[in-house]
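For clarity, chains are labelled A, B, C and D in written order, and residue numbers in each chain start from 1.
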Amino acid sequence: MARDTFDKQLGDLKAQVMEMADLAKWMFETGVQSLIDLSDDTADEVLEKRHRLAELDEQIEEDALKLVARQQPMAKDMRAIGAALKLITYINRIGRYGKDIAQITTQWDSETHYSDLVNLPRMVELVHNGLNHVLRCYHEEEDIDLEQLVEWEDEIDALRWSVFRECLTYMAQDPEHIEEYAYYMMIARYLERCGDNVCKMAEKIHYMVEGEHLAIDT
Amino acid sequence: MNAEDLGEELRKGSGELSRRRKTALIGRAVTGLCLAIAVVFLGLLIFDVLRRGLPQLDWQFLTTDVKGFNPETGGVRNAIVGSVYLILITMAVAVPLGVATAVYLEEFAKDNAITTGLQRLVENLAGVPSIVFGLLGLAFFARLMDFGTSLISGGLTLGLLVLPIVVVSTQEALSAVPDEFRNGARAMGATEWQVVKDHVLPAALPGIMTGSILSLSRAIGETAPILFVVSSFIRGVPTALTDGFLALPYQIFYWAQLPSQEVQQMAASAIIVLMALLLTMNGVAVAIRQWSLSRRQW
Amino acid sequence: MSNITVEDLNVWYGDDHALKNINMEIPEGEVTALIGASGCGKSTFLRCFNRMNDEIGVARVEGSIRWKGVDLNGEDVDPVALRRRVGMVFQKPNPFPKTVYDNIAYGVSLNGRGDDDMDQIVETSLEQANLWDEVEDRLDKNALTLSGGQQQRLCIARAVAVKPDVILMDEPASALDPVSTQKIENLIEELREEYTVVVVTHNMQQAARISDKTAHLHLGELVEFDNTDKIFENPEEELTEAYITGRFG
Amino acid sequence: MVNEPLSDRLRAPLAIAVGLLMLGSLFAGCITSDSGGGQANLKQTGSSTVHPLAQAWAQEFTEAEIAVSGGGSSHGRNAILTGNAHLGDASSKMGPGDYDKVGCDVSQDEIDAAQSGPHPWKYPSCNGVTPTEWVVAWDVLVVVVNPNNDWADELSYEQLRQIFTTENTAEKWSEVEGLEDAPDEKIEIHAPDAASGTYEFFFEEVAGHTDKSLLAEGSDRYHGSANDNVILNKITENENAIGYFGLAYYVQNEDKIDTVAISEEGEDFVEPSFETASEYPVTRPLHIYTDGVPSGDDATSQAVKDYMCFAMSEEGQSIVPDVGYVKESDFDPESHSNQQSKVC
């Protein structure tokens, strides 16, 4: 291998992306957890981390652009850096949805949840699985299990609409807690967006690994 | 290494380095001395020639013909003219032939055993003693071709003498021309001949001329090759190629053997004339070289 | 179509097998870049297109290069005539030590177009090479007084002046500064419209910038030949990948 | 502005070359005028002994242009046999060896047979050439010693043989018979080298045809030289030196060196001089060879005829002593008039 320095820099970049992804995953999961527990403390923790997320986003972008300028990457290297630049955008979004959910926790007026959070836990699980799969593929530079991913995505989508309809029904029956049901609908929307971002990540990782562009059509 | 040690090492006159410095000094002294010896002897030689030759070197000496009887009453005019004619013939023979040969060897000839053989032959010819050329000239031009003791015999003999030198120096000038010029012209759709004619030769011309003039200036001072075909006396100057001729170096050689002190001093004067002629030719060569170097931009 | 079709091309220098079974098709009116490590045979390959290998005594070329129904490598092809249709620009700018004007006029008159309006040809060619504005008032100056970049553009002008169909370039910008390099690259971009250009380069980014197709040669073999975008984004061959990402060796 | 195949850089060198050529022709131009047109050009070559005389005659003889060159007697004879010169100078006679060189087989007997009549002597023909020998002057070889040498004013052939040959060799002056009072010093010989015609003639004359065991180069007291100046200088520097060369050379250096009177077996001692030449024993004829007796049929032949006639004329002969040789007309008047009547 003739480009030791460059290879190390590429490795560092990937590690940073992974760090950011882990942070975003933590924010998402912890945000959801804070909601489940209705714990303002946990939610504050998540809100606090958004600065770190933004910092990493900037840092990685800067490092990636430096690499482009200094090393003029070609082929696989070029794709890896291009992918990193795109991935951080998606990762950032996921982190920020975590933050948004935590924010909802802090604004939650009641002491309890309603209707067992409808189907939200199932959606969280699906996003969680998709994200883990995608990140593992990124780390290992393996191709994505697209079929599985599309299945997840389809299910998330379906669940989202089911949450929507359910909440509408509850709102009609129980207008007193219409605000909470609206929050559930928003969260379902956030989770669906997270799933969508996971798919976008998958597309970029597939491009990075295989060199071909792919659009996961859902 | 601490600072003191380093300081010690760097200081002059210590250790191994000073020994080497001494050796270097001795080397310089020895080579300098050799140069001095060479310069001193050359200086003495020139001084002696000037001392003996200058007093009677005047316009009269330059413009009066060589006298066969009582040479001291004559001059060297027709010997100078003979030498100049000789060199013109030599030039006319050796330069076109030599340049053409060099161009062929350098630009056209395939790189095979025959070419290499020819190359070696030419290089070795350049080292053949000049008297051998003299004998060749006598046997071939004077006898076989029946030119006798004539200007043409002398010119052709000298031409043969300098031919290999012209070839070798021209080859050097040609090989100094960057291949870029050749490739550039080839890529424009020039034939090999056009490449040589339009680019290689013009670029190499100053080098060729310098080499040619230097080899001609060697020829003009040669006695041995013309020894058998030169005359020691003619009235006036040759008017035809088959006429006998006088030449400065032979005139010097001949006069130096005559008993009269006066004639021997004339030989010294003639040496000065010959040296002036040589210096002029070399000067022209150097001038061409300088001029072309100042213009050369590749 | 008058693409140039290379079939089973082999070149030997003495015992050295410099090019091995090359098969490819150089598209007309496009820029084809030849890349590869030093000694891979790119320049040798390039020189097959105008038979410059003929000048190297020990070179032996087998196979065919078909262009407009003629095998350029055929016995019956006159290399001199061929070179008038296939121009060449070299790595080191090599204008003749003549005036700017004569540099261009030389090739034109060689091609028997001396009767045309030479002043017009010189102007047009220099304009094509984006050099006219810079040398307009220096036409009678020795070409060697121009800067390296200008000299190289003069060489390109000299090549286009004889109206070839193909222009071969052997690392045309490798001896130049970045600004001059940029100008040469821009120029190649423009030449694409009228000529088939084959360019050898060591500079991968340059190949990526200027060419439509890229061929990667390695140890005399054609490793990969494809659209430039494809080669530099996602090459098929690991060897190519290794070479263009700088992990060759 | 046109395209030039030869670039600008060619111009200056070309100008120089043209300049050189013009300079050359200028020289030629200003000189051709004084060499009259229509004259025959004669080539004369050969013996360096005859050379000064040939030069002097060539200078004074205005009927034709004569180019004179050296090269030695055998070269002169060869030039006649091969037709390379019109006049061949030689200080020694033509022999079978000369014929052999050009591929003719002629014996000494045949040559002797051809030479029964008066001068000029015709030689056997070879390749269409009939060498004809003219005696134009005589060279006197003088034995010379250092001016401080007061013991060897006179030497007999006997004594010369002791000094110069291996016959009863005297290493020192005192060992020479009759010179017992001379210094007990080694004799140093400085004389022409063995390659010269002078050497050959001297030994043949002094030692005779019978005894060829001579001191020569290689002997530690015979110092041969091709240059008479060297011989002269060596002898003037060394009291015990002895040598020989032409009278002509002596005449130009009379104040530096002394001659020795010589006596052939049983004859009187003769001091060498122009006047005593016919009695002095060590003399040799100087020859010019031509192809036959010139007929005057064509311009060249006429020029040769005129030249030989000039050489034999009173004017021509009067130059001979100035060059340092003895007139044929003085030395052998009968032969001289024979030759003159043949050629004029």
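Annotations for the structure displayed:
Criterion: contacts are C-beta pairs under 8 Å (C-beta built on N, C-alpha and C of every residue); 3 or more make two chains touch, one makes a residue touch a chain.
These figures come from a predicted structure and were not determined experimentally.
Listed by label, the chains that touch subunit A and also subunit B are C. Distance from the centre of subunit C peaks at D, each centre being the average of the chain's Cα atoms. Across A-C and B-C, it is B-C that has more C-beta pairs touching. With centres computed from CA atoms alone, B is the chain lying nearest the middle of all the protein shown. With centres set at the average Cα position, the gap from subunit A to subunit D is 123 Å.
For this pair, subunit C with subunit D, the centres built from the Cα atoms lie 78 Å apart. In whole angstrom, the spacing between the mean C-alpha positions of subunit A and subunit C is 51. Subunit B and subunit C have centres, each the mean of its CA atoms, that are 46 Å apart. Looking at subunit B, residues 198, 202-203 sit in touch with two or more other chains.
Multi-chain contact residues, meaning those touching two or more other chains, occur in subunit D at positions 7, 9.
Multi-chain contact residues of subunit C, defined as those touching 2 or more other chains: 96-97, 106.
Of all residues in subunit B, only 67-70, 77-78, 80-81, 84-85, 88, 142-143, 146, 148-150, 197-198, 202-203, 205-206, 209, 227-237, 239-240, 242-245, 254, 256-260, 264, 284, 288, 291-292, 295 touch subunit D in the complex they form. By the touch criterion stated above, subunit D contacts subunit B in their complex at residues 5-7, 9-10, 12-13, 16-17, 20-21, 23-24, 27-28, 31-32, 34-35, 37, 41, 43, 45, 51-52, 54-56, 58-60, 62, 65-71, 75, 82-85, 226-229, 232, 249, 252-253, 319, 322-323. Subunit A meets subunit C in the complex at residues 1-3, 6, 72-79, 210-212. Contact residues of subunit C toward subunit A in the complex are 204-205, 208, 232-235, 240-241, 244-249. On the subunit C side of its complex with subunit B, the touching residues are 50, 52, 55, 57-58, 80-81, 83-84, 87-90, 92, 94-97, 106-107, 110-111, 142, 144-145, 155, 158-159, 162.
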